[in-house]
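Below are two complexes that have chain A in common, paired first with chain B and then with chain C.
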Partner chain A sequence: MSDRAVPVGGPIVTPAFRWLMLVFGVGVVMAGWRFIAGLGPVTALSDGYPWGIWIAFDVVVGTALGCGGYSMAILVYIFNKGKYHPLVRPAVLTSALGYSLAAVAIVIDVGRYWNIWKLPFAWRWWNLSSALLEVALCVMAYVIVLWLEMSPVFLEKWKDGPPGLLRNLARSVSPILDRALLWIIALGLLLPTMHQSSLGSVMLLAHNKLHPLWHTPLLPLLFLVSCIAMGYGVVVLESTLSSRAFKRKDETPMLASLGGVTSGLLFAYVIIRLVDLAGRGRLGLVFTSGWLSFWFLVELALFLTPAVMLLNARTRSRTGSLFRIGMLVVLAGSLYRFVTYLIAFNPGPGWSYFPAVPEMLVTFGIVAFEIMVYIILVKRFPILAGARQGAGAH
Partner chain B sequence: MAVDRRALLKGLSAAAAAAAVTPPASAAAQRKPAPPDAVGMLYDATLCIGCKTCVVACRKANNLEYEAHSTLWDDPVDLSGRTKNIIKLYREGSRVSYMKQQCMHCLDPGCVGACMMGSFQKREHGIVTWKGDRCIGCRYCAVACPYNIPKFEWDKAFPLVVKCELCSHRLAEGKIPACCEVCPRHAVIYGSYPELLAEAKRRLAEQPDHYYPKVFGEHDGGGTQVLYLTARDVPFEKLGLPTLDEEPVPHLVRTVQHGIYKGFIAPVVLYVALGAVMLRNRKKGGGHE
Partner chain C sequence: MQRSQPGAVSSTPDYSPGVDRRDFIKICCMAAAAVGLPPAAGLKMAEAVAKGLKPSVIWLHFQECTGCTETLLRTSHPGVAELILDLISLDYSETLLAAAGKQAEEALHAAMHAHEGKFVCVVEGAIPLKDGGIYCQIGGRTAKAIMEEVGGKAGAIIAIGSCASWGGIPSADPNPTGAVGAPAVLPGKTVVTIPGCPANPYNLLGTVLQYATFGTLPALDSKGRPLTSYARVIHEDCPRRPHFDAGRFVRQFGDEGHRLGWCLYQMGCKGPATHANCSLQHFGEVPGAWPIGIGHPCFGCTEQTLAFRAPLHATVGIDRPTPPDTYPPIHPERGGVSAVATGVAGLVGGALIGAGLMASKKLGEGPSPQKEE
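== the complex of A and B ==
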């Protein structure tokens, strides 16, 4: 069967979808409360821990989980591996959703959101040595780029749709977009390279607060390498899950052949991490930092295990074990980010942070919304590769 | 031409790594000098009697609401969105010392390095001030400040970022900071930065047995315009001041960011290179959309 992307079809509002709506609804209410009462009553944030899970998870981990589109685009467009093309669309969709919702999380998190619009325009105020400014501008631009990368999906459908405004628009915009798309995709490769590394640089300023096992001038490089690996991990998870949920063709062989690259990236991360610590005489801290030693060793194990598993051609060609590998890769990069932004961050004696319940409910709501939009879009628009497994199922 | 692409990626990561591990220049070379009109404060913990007159005066001078955590009229427990200046207690056995906390007005501040649109800036007299119209409330300033000074109004729907601005509004009227004006023991004094530094060193030289042998803020974190003296047996860490090296807080991130983004050349080169590789691939009939 063809690899052309086609809509999955089927009803949108299934029982599972209703649960997602409920979780999303609760999140909306909590977010509303935050805008009325301020951040204090809704979160466990403090002046010592000014950033909590909305930043560490929703934004820092969330955008890295949104690197599937970035990783696949590097492979397909730069290394010219056209055979992976069927993986690109769903990957870009998860990226577009991940980044858009990270942007929503930022709007909920920042205290003075009414000033955000000034960021891209007030160029005379820009502080060019602020890594966070770079992140903010790049993420804003990248959200637009991702949806432009996604736009052929919508245009394809509308072009052949019933006559009307949408069809006319699609038919007139499509040729222009076709010509510009290459340069848009190139931007889609440049921007994550910049802001994913800058997300590491952001924590360079927290000199005396970030534990020396995590504070290193190589933060930007480590963030970059790990986000590309995470991108592949996410593609594995997304592809396996959607082939199960929507009874699509199993893409394991294609995913398995990605294993070599991913394994290399994971090993590269571990080597950079250890050589850097050794070079600056900090290896001793690996065993003498109490709980943080534990987290460091877990991080290392999470990077090494999938790296080693991927070396075995038979392990990586089985759907089940490949899924577990993908899970480990995603966990590894997520843990590294979460520890760097929260667990290894210590503002001094007297401060502590554990997310408040409403704070978690907002995060759950955001994740639920992300899954809802994914389901709607793949059911109605041509995103997943065609071939349906078996017959009669939907 | 796989080599080209590999070389491109290698070159990029090498550039990033090189920029990142550039050996730091000597601390003196990194240090930003104090502005010529720099002013500041000198707090001598050995003179302070903990009367908290300065806390009240600060509240009045800055129109700050009082705090009530117990049945006392005003009992702030830390700096906060309503308290820009506080006297804390250090106690170990029978040994007691006081500690005044407020913004340190760093020579090269972490908050200024962090702030995306320059809400935080070193303005007249080297005073670090905050302007609301440029602030989105991201709180990166609080993450970056080694002294945990910028405070956020957590219980407000439209919050401000609050911290000591050395009573710059009073300086403009020819007055001095309220805390320095009211201190009955002159434990905290206001003056020009070079004069205060000289005064601190004079005290150290005159009574070497009385003082811990260091002026906090002369070099710490690249230097601060608020200077501290403490008793010989109460080192600065015990007063809650962080242990910092002489490198200014934003120096490392500046080195890395400027190394990678100097003149925005690297990103433009990378962009063109990426586009070129993709054009080439498309001509060869590879994976295009």
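== the complex of A and C ==
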């Protein structure tokens, strides 16, 4: 059965991997500098923009990119579409990596990072009206849940591995985990629903600092709808790239059949967005907001184009155009988040923000690390379905 | 709380307009704020007072100048003196008592027995202990004896002013009468001290009303002072603090700096060592009515180690002469856009999009997905 997940195999350190190591190394040095010198000298952050790309990209966009696992889990476990099951493991892996590194990014970004670990235990002092508290708790819990969802992958390998501590552990934990997995998956569906919408609520609280084209009571809903769509986009990209890189069976037909749902989500997003603006008499702002009008139209175009492209059965069944669609969906959701968190956010006259080079290098390092871990794990553990053993020479 | 009724015939000319409901609630909230309670507590206090649940207060005077009482009565806001007397049921006060002699003594005993264990005993003035305490006697009894009897039956004891708190001016060297504060006479009892020369009436009012409304006393420091009013030193909230931080000091009374309202530290201001809320809660509801506000150095009246001991123009030591670097700047940097950063971002962004497009093109050219199985 080619659907069974197997390790790809092959050497880990390839030329491409060396490049990633270099980018990661630079990122580590820059992050180290941040911990020695503080946020001031390393970043372009200010009192007006206390968060920059580490939050807007690494956390807000990063966790939305990590919604592949969420999207696939909705499809497979809630709508019971078992045929997509082969997509779940790699999707959950990207999610686990995306969320874990978003957590790392928060630790780098937060001024008093040494207090973070206290958060889950300081329940007595929780501010229950805080959207960020919810995000923090949900993300912490979800990182654990995602790795638990991933754990069968490791246990499967260790169970049949050489005798030793790992094998004994795997054999004793597996039966317990099998029974608990149902609940873990349920939790894994609830948590992103909560915090992805809360990431919208955070900007809802920004009120008049956020441009009226983006500020709406529907922010949480828009963040939720777009993150699920992005999840599919990421699955398309990840599956296509890995199938080429590791020379395994193309999953295009399976991915193409997801197109209908994704298209529906994208259209839903656009309709909600426009109806909301019209209903509150803000449509005129679409053309009168200067640069922000441009960004709004780009965002709209980025959501509409893949939605329309996906309607065509021929377009979506071709690997190349499907890949392009995936890119557009991911870009659309990312841009929406980026604009909402940074570009359309104006803390007052005189403030400006553009990420400093060290800030960007840290982000690149984090992304590089994510790809490195992905490569290592798929080569050594049973994650990808239908891989040809020993094909991972790239 | 009496308000002159329009059209009502009044037998005496009405000099006092009374206090309307709005002002009454305001004063209660101010008193609540003075002891660190939320405005809602002020409302509760106002309600309690309106219901007639006024705390019974017995006010004892010993070795002192009556300045604290005067401050209380001379609050400049119209009607506040009456108001203060409306908020509390002042059952015995030598300054305000109409009665004299035996009659006055009877009033004291009646009040003490009627509200035993519940009344608030306010002490004003120091208590002499030397030679058996003979230097201050009322009705043939020493201050010490009166204090011990009334204090023993009180529900709460509040020492108002520096004299009652730790001896004040009567205890200044060479302290001929052996004057001490109320806490020294009542060892083992909780005595709330509200030092100051004079003490700010709001600190007293808040404490009394908190006790009357909630039955609790504010949290106290090691010297019995409410933390709500005495936790910080004057220096921390001083309106002249920016001059201190900037190094602008008055060198001589009447010099240019003095006229411009610079820092009085070098003139002997004890603000950096004096715990009190004077810099936030001025006197007599007149903004700026406090020593530093009128251009005189703080003389440390709330501190036993400073007032009437440290020379008036000697400077005190300071823990942290300059604010720590962790204080946010007043004009923070507002950020900018570096050309290198935009360049890097553009290159990487462009490269990513380009790579994506190339990849998608290659994929499109590649073999159509082969079917296995």
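By our rule, the second predicted complex is superposed on the first by the 385 of 394 C-alpha atoms of A that agree within 3 Å, B and C clash if a C-alpha of one lies under 4 Å from a C-alpha of the other, contacts with A are read in each partner's own complex, and residues count from 1 in each chain.
Criterion: a residue touches a chain if its C-beta (ideal position, glycine included) is under 8 Å from a C-beta of that chain, and two chains touch if they have at least 3 such contacts.
Treat the numbers as computed from the prediction; the structure is a model and nothing was measured.
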item	value
Superposed partners chain B and chain C on chain A - clash or fit	clash
Touching partner for A:Val275 - first (chain B), second (chain C), both, neither	neither
Touching partner for A:Ala313 - first (chain B), second (chain C), both, neither	neither
Touching partner for A:Ala44 - first (chain B), second (chain C), both, neither	second
First (chain B), second (chain C), both or neither touched by A:Pro152	first
Which superposed partner A:Arg244 touches (first chain B, second chain C, both, neither)	second
Partner, of chain C and chain B, that touches more residues belonging to chain A	B
First (chain B), second (chain C), both or neither touched by A:Pro355	second
First (chain B), second (chain C), both or neither touched by A:Val13	neither
Which superposed partner A:Ser130 touches (first chain B, second chain C, both, neither)	first
Touching partner for A:Pro253 - first (chain B), second (chain C), both, neither	second
From 7-15, 61-69 or 97-105, the chain B stretch with C-alpha clashes against chain C	61-69
Contacts on chain A seen with chain B and repeated with chain C across the two complexes	45-48, 350
Residues of chain A that touch chain C when the two form their complex	2, 44-49, 240-241, 244, 249-250, 252-253, 318-321, 323-324, 327, 350-357, 360, 364, 386
Residues of chain A defined as touching chain B within the complex	35-41, 45-48, 50-51, 76-85, 88, 109-113, 115-116, 118-119, 122, 125-134, 136, 152, 181-183, 185-187, 189-190, 193-194, 197-198, 201-202, 204-209, 217-218, 220-221, 224, 345, 347-348, 350
Contacting residues of chain C [partner chain A, same complex]	328, 332-338, 340-342, 344-345, 348, 356-357, 359-366, 368-370, 372-373
In the complex with chain A, residue positions of chain B that touch it	2, 5, 12-13, 16-17, 20-21, 78-80, 110, 112-118, 132-140, 142-144, 146, 148, 150-159, 161, 240, 242-244, 249-250, 252-258, 260-261, 267, 270-271, 274-275, 277-279, 281-282, 284, 286-289
